[in-house]
Structures are given as C-alpha cells and as structure tokens.
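First chain A sits with chain B, and in the next complex the same chain sits with chain C.
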Partner chain A sequence: MSMSMYILSSGEISALVTELQASYDVYGPQVEPQTKQVFFDQLATPAALDLEAPIPSMPVKEILFPQMERILKYKYDAENQSVAMSKQYFERPKALFGLRPCDLSGILVLDRFFLGQEFVDDVYLTHRRQCLLISNTCLHPFPQCFCVCTHSGPDADEGFDLDLTKLQDGYLLRVGSEKGQAIADAHQWQVATPLHAKEFKAVVDRSIDLFPEMATDNKAWVAKVMNRITTGFVKQETWEYIGDQCFECGACSFVCPTCSCFNIEDTQTPCGECERLRMRDSCSFEGYARMAGDHNPRQPVEDRRNKRFFCKLSYPQSKKYLRPGCVGCGRCQWVCPGDIGLPNVVQYIRREITGGQN
Partner chain B sequence: MNLVNYKPCVCNLCGTGCGQFLKTDGHKVYGVSPLIAHPVSKGKLCIRGWHSNELLSTNERITTPLIRENGELREASYDEAIALVAARMQGFDGAAGEIGVLASARSSNEDSFTLARLTRDVFKSTLRGIGAEAGHRKSMAALEHAFGYPGAHGSLTAIDHADYILVVGTDITRQNPVIGGNIHAAQRRGARVVTLSSSRTQIAKLSTKHFQEKPGTLGLLVNALGKALMAIRTVNHDRRANIDQLPGYADYAAALRSISSVALERASGIRYEEIEEEAHHLEQARSIVILFSSGISGLDRPTIDAITNLALLSDRMDHPHSAVIPVAGISNLQGSFDMGMSGELGNSVFKALATPDSRIRALFVIDHDDGIIRDKERIAALDFVVYACAYKSAFMELADVVFPLPAYNETDGTYTASDKRVQITHKNVDSRHHVLPGWSLFERIANTSGQHWGYHSATQVFKDIAAHTRGYGDLSHELLSKGFGQHWNPKGFAGCGRRKFNAINIEYWESPTTPEFPFALMIGKAQHYWHQNNLMRKTIVPRREYDQTLWLYPQGYIEISPDDATRLKVRDKWLVNVRSSIGTHMKIAVKISPDVQDGTAYIPYFIKNMISDFLLPYENAYAAGEESVIPIQIQE
Partner chain C sequence: MSNCHGNHEHGNCKTTGLCPIVTFPEVVNIDEIRDEIPEVKTFYLSFPNKDVEREFRIKSGQFIMCTVFGAGEFAVSLPPSPENDRFHISVRAVGKVTHALHALKPGDKLGVRGPFGNGFPFDEIKGKNIIYVAGGIGLIPLRSSIVHALQHREDFGRIILLYGARSSKDLMYQPDIREWQQNAGFETFITIDRPEEGWTGEVGYVNQLIEKANVPVDNSVAFVCGPPVMFNSVIGEFLKRGMSEDAIISTLERQMKCGIGKCQHCAVGRTLVCTDGPVYTYRQIKTLGEQI
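Then we have the complex of A and B:
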C-alpha cells in the first residue's frame, strides 16, 4: 500500500495516547524518576510517555515474552481421577507506543520464531494478537547502538502500524498497515507535504552520520564475520578467548530483543494446585544445552558462547529470520560482566581476520 | 489493577550489593532488570541476581507462625506464638549462658540491631553468633589492627580506577561475579591484575599475571612480595620515609628479611625472581586494590595479616583509588558484625553448641546456614528452639516455634556490602500474609516480656542504629534513599587514620601429604552456588544448573589434573575410591580439569551434603577456610 503521512503536534500525540487507552493497554518509554533508567512499561497517564527517552534498558519483548509468566493452573482430583485445568494468560489488546526500530525488528524476529514455524506458540500469539505497533525514529544513536550494521535502524521500514519521526513542525506520522490507516482515517490530522518527506530523509541521514565510526566501520565487518562464522573458520583460540570471559549470567539472552530460549516448569502451590510457569532461559547455561544421553555436546563454556553468536550471526539463522538474528541494539554489550557483547565479538573475530591489525 | 513497574532495590544474594530492579505490581514479582546507574554494578547482575524473581515468587514460604504440639507443627496466631516464646524464654538463665541467639548474615541492619537488643536486654544473653562469622572475624581483627576500624579500607568502586589489583585466593567470578566483572574490565582498560591462587580459576585466566602457588602458601607468597617491595624501597629510600616509623614495622621487616628464596620456592613452587619482578610493578602503581574473600570460605589470619601488611608497606593506601576489601559471600555479613551480632571471641553460640558440657538450653535462630547442620543432634536435644525465616527449610524440624519473615523486598531495610556501603531497599511488594518484619517481631517479643522500645518503622529503628553504632552516625533512611547508598564513616572509630603492621611469622608450610596420601584435597568453589544453596534450591533456572552438575556427576566429583588422571589411569566421570589420612573414605566421580595443579584435588563446597560423612570429621578444615588441605589417596 502507498504510505500516507501526516504531521501531528505534541498535543495530538497525547490525545492519541489517551484515545488508545480506552481500548488498549498502552505501553511506552518512560523514565524511572529515581534512577533515570528507561523502561518500556505500561503508561499510567499520557504524560508519562517520553518519546525522547534513550533506548529502553530492557527490550520490549518483555511485554510479549515476559521473564516469567504463569501460563496454566491444574489440579488433579484423585477421587474422580480428573484434572481441572485453566489457562492463566489472557488476551489484552496492547498498543506499543514509541518502539525504537531495533525493538520493532526484534518483535518481527520473535514473530518468525513463535508464529512462523511448524508450531504456533499459543501464549505468544495471545499476547501478540491485537497488538498495535507504533515505532519512533531515532534522531541520533545512543551509546552502543549499531543498528546501521544490522539493517534495523535508526528508522523503521517494515512491520509498524504507525511510525513517528520528530521533525521541525511536529511529529511526522507514517502509516504502515491497514490497521494504522483506519486509525488515521478517524482523525483530521494534517497531511504531510513532500517537504516533510524530504526532511524525514535528511533526519535519518543525519542520524546515520552520527553513529560512531566504530559502528559504521563495523558494517562491512558484520557481513565478513557472518561469513566466517557460517563457514566455521573462526579459530578455536578465538572462541576460547571469548569463552574465558563469559561469567554465565544469562544477561545477554535476557536483554536481547531476539533471544527466544525459554524453560517450562511446574510448581506446586500451597493449596495443592500446580502452576505451569514459563521463564526465559539462556543458551549460556550448561543445563539448557543439555541433551538426552549422558553427554552434553556443548559443555565447555566457549562452545555454548559460540552457539549464541552462531544464532545471531550466521547465514542459516538469518535466512530463517530473513535478517541477521542481531538487531544491533547493543544491550548485550552493556549488561555483560565479561565484556563480550556482540559488538566486541565482531571486533575479536575481525582482529583474527586481519591478524591483529585493527 | 495495579500497573506493573520496575522498582529499584539492592540484590540480597551476596556481599557485592548490586543495584537491581524488580518488576512488580506490588503483589508479585515478575522479573528483574539490572540498574545501570549503580556505582558498583553498573548495569550488571550475576546468575543469582538475574533469577531473584524466581526465589521471590517461590511457594516454599513460611506464611504463618507455627507451634509444635504433640510432635507436629500447627498454625498459630502471632499473639499465641509470641506469648509462648516470651514465657518460655523467661524460664532460662540467659546470663548464665542458657540462651543462644544465631543471627543471619542476610538480615537487614534493622533486624540485626533489634535482635542484638533482644539478646542483650530481654534474654540477658551474650551467647550469640552469625553464620559464617568465624572467617569474617579474622578479617575484621586484622583490618582493625592495620587501619583502626573493623571494616574495608576504601570502596569497591576503586577497582574501576586503580593501577594495580591484587586478588588473593578467592574464586571471585563465581562468588561475587559482578566484582569479578569489574576487575576484568579494569584489566581491559590497562590496570595490572594479579591473582594468587592454587588453581587456575577464571579470574586467574583473565588476569595479567597468575601466580599458581602450592596449596597452603598464599600468606608466604604475599609476604615474599612484601620482601621484594621492601628491597626496592631500600634502594629508593628517598621516598616514603615514614612507613618504617609505623608500629610493628621493625618486626615485620625482620620477618620479611628472613624469607629464604630457596625455601620459598620449595614450599610454594614460585621462584623469588618472579616475585621480584612483580614487586617492581607494585612499586610503580599509584593506586592499589587488594581483594580477598571473607567469611566461611575466607583466609586464615596469618594470610590476612600478610595482606594488610603489604597494603601498608605499599604506602599507597591514602590514594582515593586504593582499597583493601574483605569480600563477603553473604549480603549483610558486614552489617551483622556492625550491629553487634557476632559472638565475642571464644564465646560464640557455635562454640556453646559444639562444647558437650556447655550450659546452653534454648536457641533463637534466624535463617540458618550450612554450618549449623554439624550441630543438629545437639540442637534437637535442647529444651526450646525458636526459628524465624522467610523460606521453608529443614531447620523447621528442629524448632518448637517457627515465625515467618518477609523476603528482602517485602519490607524496608538497609544492608551493608563488603566495602561498608550501606544501601536501602524499600518494600516493593506486600508480604502476602501480613508477615511482621524481623524488627517488629523482636519488638513484640520484648513488649510481651515487659520492655517497650516504641519502634513503629524501620526508619525509626535506623535512627537508633545511627545513634548507637560507630560509623553509622551520619546515615539515615532519608539520606540513603537519595542515591545508591553511602559507606559508613570510619571516623566513627577513635583509631581511624592510624596505621599498624600486624605481627607475622614466616612459616614454610609443609604439605601434610605423604607417599601414602599424596593428594592435597581442597574444599572450595562451586559454580554459582557458593553459600547460597538454601536459597538457590528454591529457584528454577539456577537450580537446574545445579542439578545439571549432579546429573553429570551424581556422586559428586573430585577435580584432578589431566596428568594425574593419566597416572591413575582414570577417565572423566569414572568412579574412584578416595581415602583420607584419618580413614574416612568415599566413592566419587573424577572430573579432569586442566585448571588444577598436579598433586592437588578439589571438591566443590556444595557437594558437602552428599559426602558429609567423609568431610564431617574435618570440621577444622572448614574453619580454616580456603587454605585448608586434607591429605588423601585416590584409587581406581
């Protein structure tokens, strides 16, 4: 569909939030007052929304695929030999207002994992169905961003219902879906002019220019590194060097917008019922990688690491998800106590390729 | 419906004191996020911190007071249980040593302070203790002697700036992973990181330099470094004229001079030339951080004395980026000491339990740590046992009265990390069953016993802490709520600012191994679980990781070097017979590890419950901590 574009004032943005709150749980970036840390959380009021806040510290996948959720409750009735079961996840329409493009790309990757394969994940689907996705162009990168290398920012080009970009005159709103168009049609927003479209392009170009050299410079290297990993040419010493730095905390998987490992566990409640919990997991954990039979194919920690990087940076994986598994948000870099976030791993492999130069 | 939000607090799962967010609607905890602005953890958490939501939402909670009746625990009201405790406790003579109180190093300062008051004013007892206190007491004594107050010198944040970082013994990336991460980051920015450790731990691999000494010679090695540094000083005597004026210097210097390089190399396996080279780096550093582990796995006193002496000798301890930090495995070990719950030397509740003819008849216990299992029979035979804890545990079976406690995020409280940083956690979840916080429970017991303290909030308790606890005078809940905590002020101690050398003895440790028992067995490190098993067993993912190890090595494992395995003709996971020099034996699987030296063997600490028969006679080995060695033979 051809893309309609409008120009909205800040007042109209707030009004839109208020309006959406009538039929959706509206989530958006907000700044935690005491620590100034940014979270993409449910908005108590439209005023809490901060579209200029830096990239949220936790990925937006938290809303669709939470760290831990109760999915089922069941109770066995011994007398009647029957099981009473009830599901614990419920469908609530959600509007994700002000997604950074990398997080939007992350959702698209998760969609392919949870919905695009042989089995459709019912829990994810329930959270994901009726989601309204509203993205927000980054006018400049934040420290550690490198989405320019992974084609997932600083602007969004697919998957959104509505997309916002802050321009001189207000917010440029681009429509990306019929659902988005229906919302636009219900308003008398000012239609954007070709000049606005031009300004949008300039804003994105400027943002790309603002990426640190390391990130733009890495762009070509991400492809080379992917090649290297796919063909299995990365030396054992390099993996070991990386593996020695892993503290096995799981953080990189928890904050990654595209990591989808999870674990299921049934626990007993005090009143004799059982709860089925699903929680996020990480391939950096020895127990996760365990396979049936008395051996663990990925026992040394360096091998478990290379699995995660293989997942993020190899061709078979990117074919599966139609893009690299990494969306360049840089969060793994900032939570890793071992200093082996993905950008660093690219650097290490790059150093191996160049024989230490650079 | 309440919105789900992230609420800042302090991780309570080790003595690092990382900043964390809990994702909660005020009733349940759904997730965790690291806190980026926290000065120590800077957006990092370890596997324990990342999974605290699992612990905090476990169903294995004590939810109501319980009273034992006809051998069974039954539910009771607070009024009934408190009245029973007050009445029974009055029947014992606390002053005569009949009542023991065992505090928890995970409790808040508010809880420990009021518990100390209950012990002193109501139970009239001096018989008290904290799990894991023995090791920490040694650290405190050595530090107080050296610096004039019982606590860390300097801040953990010094790691981020120091030129030189010395890690003595501890397997820090396992025990306090976030500190380990900061050290690694320091190494990458160019600091010189030196690890002294008998096995090739992860931090050893990440260090600029690793000295892999023979077991039992850590203190000797630190002293040798002192000798080499002193020798450089003698040449460069234009600098630092006043170090030799400090009390104890002459004896220390004489002892250092007596170190023979031949004997050093024979005992430790390290050449003195290597140490001399290292001393040059140490000499050039402007700021120096020394870290060692304190508590149950801590070092022995002579080794800690060697460390504090080296710190003073370096003459860099006044630099703002220098520090000497006893790193605690348990969250509020330092605070429990500060609040006065540590047993006085020689009069701890542990000793009373271990001495068959002691007068102890009643015990009041908060949480409990592995060590207490040793005294199980004695405890079962006591007249009256009270137990309070947030989580169900085997200890309930020993108790006559049980009280629930809130989890760390269900009540306001302050915690003092390894470097004296006092931090506050505000209640962010309603305790599900109207559970009284510890301080309030103790106050009500005092009340029922006729004493009225008049505390209505943790904030009010803290005012008393500030008024009565040295170092805490400047602090208040209001102040602590503003940033990310504040170190308590050593100026609260009269001796603050003084410097004194500890007396040392140079001993060339002779390994107790013999041709018949040629392996030096050490009990140590366990991936992820150090000290935290009681809690980690209640999580899901960390517990699975623990089970994974058991699954691979169901009998537990003993780590030996590849060469020793070849000599013994055994392969990984094969069962071997292990016999100790005092005749205990066990069958255990071999785990071959290139990180272990020839002639040494390791058993992870957590495997203790599986092989307790083998280790129990070695109580002293526990007391001696990280450097203890058991001579064994291993046979196919």
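Then we have the complex of A and C:
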C-alpha cells in the first residue's frame, strides 16, 4: 500500500492518546520523576507521555510477554477425584504508543517466533491479538545503541500501524497498516508535503551519522560474526573467554527484547487452588536444561553462552525471525556485570578472526 | 481440539488432519495402575470426554505433556500402539512430579496435552528388517513401534528385539515379552547383566546380542533406546558392521516445559527436541554437538 503521511501538532498527539484511551489500554514511555528512569508503562494521562525520553530500561516485551503470568487456574478435589479448571481470561486491547524502533523489531521477532512457527502460542496471541503499534523515530542514538548494525533503527520500516518522527513543523505521522489508515481517515490531519518527506530522510541520516564509530564500524562485522557462529568456526577458547566472564545472572535475557525462553511451574495458592505460572527463564542458568534425576546435558557455562549467541546471531535462528535475533538496543551491554554484552561478543569474535588486529 | 492451533503444518495435522491438545490440558481418568519394575508404574488412562478421545490419535515415538494436578507437568513418551491399544504411560519416579504421580490411585485425574513430536518413521521403513535395541526402561518409547510393526507383520522383513536389563526384575512389560516370545514372526533376545538363579535366557550386555542374533545390516533399520553407555556401544557395533548412520534411529530426552517449540528448554544443537524430535537418526545426533 502507498504510505500516507500527515503532520500533527503536539496537541493533536495528546488528543490522539486521549481518544485511544477510550478503546485501548495505552502504554508509552514515561520518565520516573525521582530516578529519571524511563519506563514503558500504562499512561494515566496523555501528559505523562514523553516521546523524547531515552529508550526505556526494560524492553516493551514486558507488556506482551510478562515476567510472570498465570496461564491456568485449577482446583483438584482429591476426595472426589475431580478437577475444576478455569482458563478464561479477558485481555483489554493495548496501544503501544511511542515504541523505539528496536523495541518494535523485538515485537516482530516475538510475533514470528510465537505465532509464525509450527504451533501458535495461545498465551502470547491473547496479548498480541488486538494490539496497536505506534513507533517513534530516534533522532539521535542513546548510549550503547547499535541498531544501525542490526537493521532495526534509527527509524522503523515495517510492522508499525502508525509511526512518528519529530520534525520542525510537528510530528510526521506515517501510516503502516490498514488499521493505522482507518485511524488517520477518521481525522482531519494536515497531509504532509514532499518537503516533509525530504526532511524525514535528512533527520534519519543525521541520526545515523551521530552513532559512535564503534557501532557503525561493527556493521559489516555483525554479518561476518553471524557466518562464523552459524558454521561453528568460533574457537573454543573464544567461547571459554566469553564464558569466564558470565556471572550467570540472567540479566541479558531479561532485558533483551527478543529473548523468549520461559519456564512453567504449578504452585498452590493459600486457598487450596493451583495456578500454572509461566515465567521468563534464561539459558545462562545452570539448571536450565537439568532433567529430573539431575542429569544435566549442558553444564559448562561456555556451552550455555554460545547457545545464547547462537540464538541472537545465526542464520538458522534468523530464518525463524526473518531477521537477526539481535535488535541493537544495547541493553545487554548496560546490564552485564561481566563484559559480554552482544556488541562486545561481536568484538571478541572479530578479534579472533583478525588475529587480534582490531 | 476443534480448531487448529498451528498452521496445520505440524506432524499430526499432516498425517491425520487432527490437532493435538496444545495449551490447556484435557482431563483423563486413571483406570488402572500396574507395577512394572521397581520404581516404574504403568498408568492406564481414558478420556471422560469421548469427542476428545476419538480425535486423540498418536504416532509411535511421539510424547505427551502430562499434568499431575497440584505438582506440575512432565514430558513422557507414549508406549501404546497407534492402533487397537489401550492408552497408557509408563513412568519411573525420579523427580517431584513423577513421585506425586506414583502416589495417585485409580480414579484420580491427570491432565494431558499432545501428542507432540515427529514420531518414528513407519511408512518409509516398509519392506525393511527392523532391529529394536533397548536397555532398561528404553523399551518404553519403543513399545509403540514394536506393537505397531507386529500388527502389520507382512509389511516388514525380519523383526528382531534385543533387550537387556540389569536383572530379571528390571525387565519392562513382562506380559508383552512373554507374548512376543511366542510369536514366530518376532525374534526376541533378552539378556540380563549378571547370572541369576532360575534364569535361562542370555547373560551379558545388549551389544553382545548383535553377534548372537546375526543381525542383518543391509536393508535394515535399527531403533535404539537406552542409557548413554549402552547407546554408544551398540552404535559402535552397528557402524562396525557397516550399517548406515541414517538407518540408526533413536529418541532424545530433554527437560521440556511447553512441548510446542516455544519454551526452548529442549534446544539441542540447532534443533528443538519437542518439534524437530524426539526421533533423530544417528547422523543427525552426531551433528548436534551435545551429550545424548
């Protein structure tokens, strides 16, 4: 479809948020006043939305794939040998307003993984079914960002319903889906001119120029490293070097927009009911693959680390995601207490390839 | 069950047009419990919901996710034949959930999701000799295929079972074995590790039976399930005799939480045991780069 573009004032943006709140739970980036941390959370008022805030500390997957959620409730009556299960849950439609392009790409990866493979994941589908995605172009990179290396920023090019970019005259709104067009058609927004389109391009180019050299320099190397990891040509010493720095804290998995491993546990509630909880898991944990009887086929930490990077940077995995598994948000680099955020791992493997030259 | 949760691309929809139970467990009744060998019990199950029961079709080598209410869920292979057999599972009490299962009595309820997994090839191996090699409770995942093959005896060449256990008390499915030993079309070789009073069968390890049974390697497939030590020595023996790596077939076991390729706990090499397996050829297993 040809992409319609409009120019919206800040007032029109706020009005749009208010309007969406009638039919959606609207989430957006907000700055916590005391800590100045950014969270992508449900908006109480349109005024809480801060489209200029840096990328949120936690990825937006939090909303579609929560840290922990109940997927089933049941009560077993041992005396009568009967079970009552309840599986009904109601999900309000959600509008994610002001997604950074990396987080949007993360959602697309989760979509393809949870909905596009052999089986459809019903739990994820319930969250995702009625979602409205509104992305927001990054006018400059934030510390540790390297989305230019992973084709997921600084502007969004697919998957959004509506996309915003701040220009001189206001916000450029690009429409990316029929759902987005229906919203645009219901308004009398000013149609954007070719000059606005030109300015959009210039804004994106300027943003790309602002990326630090390390990020842009790594661009070609991401593809080379993917090739190495896929073909298994990364040396054992390199994996051991990476494994030695892993504290097995799991932080990288929890802040990663595309990490989707989970665990399932049945727990008793005080009132005698049972809940089946699904919670995020991390392949860095020692007990991740441990089976009943304590047989653990994946013990050394480097084995577990190489699994993670295989997930992020390899062709077989990219085939599932239709893009690399890394979206370049840099969060793993912020949180890693060792030094094995994804950009660093690319550096280590790069150093191995060049024999320490770079 | 009525609506497909996949894209009709998973094994079950392709072969039977029927979807497995994907997300919410379906309740089953424990009709009967049999003590098999120490620590292993067989649970005979039935679906109170007859519509579900009609649509619940399995393939040899597949598995289900079984819920013990209040304790949790575990993956377990399916020993019944896809045709004319009672629905049952055989489980060793190893962890928290399986111990809770062993504490149940007839009439108690379980939850079932599935069947999942690729299953053993059946149509592809018609006309060939089949050699089943099992150690200990490795006979559980093979039973389905054995019974199914015997139900279609005329479709295959020689059918041979080489089965070994620590002692005569550790032999699974003894009523089945007695029946199989009477079956003229089925060559069975049973061995135990050490001599026992009153034992008239073979003594020694399973790999030693390969010689004894004069196992054919041409136009043959071998299904091998058992502890890793047995697996490695048996495979070595078959390869020495010139059997192709594609003709040696086994199943892998991993920790599983979802069964539908999402939780990723069962990732081995580039594959997921739940959707790409659990049945692998030895050629595939070799490339996985992980312990069996």
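Keep this in mind: the second predicted complex is superposed on the first by the 348 of 358 C-alpha atoms of A that agree within 3 Å, B and C clash if a C-alpha of one lies under 4 Å from a C-alpha of the other, contacts with A are read in each partner's own complex, and residues count from 1 in each chain.
In this section, a residue touches a chain if its C-beta (ideal position, glycine included) is under 8 Å from a C-beta of that chain, and two chains touch if they have at least 3 such contacts.
Bear in mind that the values here come from a model prediction, so they are computed numbers and not experimental data.
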If chain A is used to align the two complexes, do chain B and chain C fit next to each other or clash? fit
One more residue to check, A:Asn263. First (chain B), second (chain C), both or neither? both
Should A:Phe114 be classified as contacting the first partner (chain B), the second (chain C), both, or neither? second
Go through the superposed model and pick first if A:Glu32 touches only chain B, second if only chain C, both, or neither. first
Contacts for A:Ser82 in the overlay, against chain B (first) and chain C (second): which applies, first, second, both or neither? second
Given the touch rule stated above, what does A:Gln67 touch, chain B (first), chain C (second), both, or neither? first
First, second, both or neither for A:Val123, with chain B first and chain C second: second
Partner chain(s) touched by A:Met279 [first = chain B, second = chain C, both, neither]: first
Arrangement angle, chain B at one end, chain C at the other, chain A at the vertex (C-alpha, nearest 10°): 80
Superposed arrangement (fit on chain A Cα atoms) - minimum chain B/chain C Cα distance in Å: 8
Overlap the chain B and chain C contact sets on chain A and report the shared residues. 263, 265, 268, 281, 288, 290
Inside the complex, what are the residues of chain C that reach chain A? 5-7, 9-10, 22-25, 27, 67, 69-74, 94-98, 107-109, 111, 253-255, 257-258, 260-268, 270, 275, 289-292
Considering only the defined contacts, which chain A positions touch chain C in the complex? 71-72, 74, 76, 78, 81-83, 85, 87, 113-114, 117-123, 232, 260-266, 268, 274, 276, 281, 283, 288-293, 297-298, 303, 307, 310, 314, 316
Quick one: in the complex, what on chain B touches chain A? 3-6, 8, 19, 21, 23, 30-37, 43-47, 49-50, 53-54, 57-59, 63, 173, 177-178, 180-182, 184-185, 188, 202, 205-206, 527-528, 540-541, 544-545, 547-549, 551-552
Enumerate the contact residues on chain A facing chain B in the complex. 32, 34-37, 39, 41-42, 44, 57-58, 62, 66-69, 244-245, 247-251, 254, 263, 265, 267-270, 277, 279, 281, 285-288, 290, 294, 296, 334-339
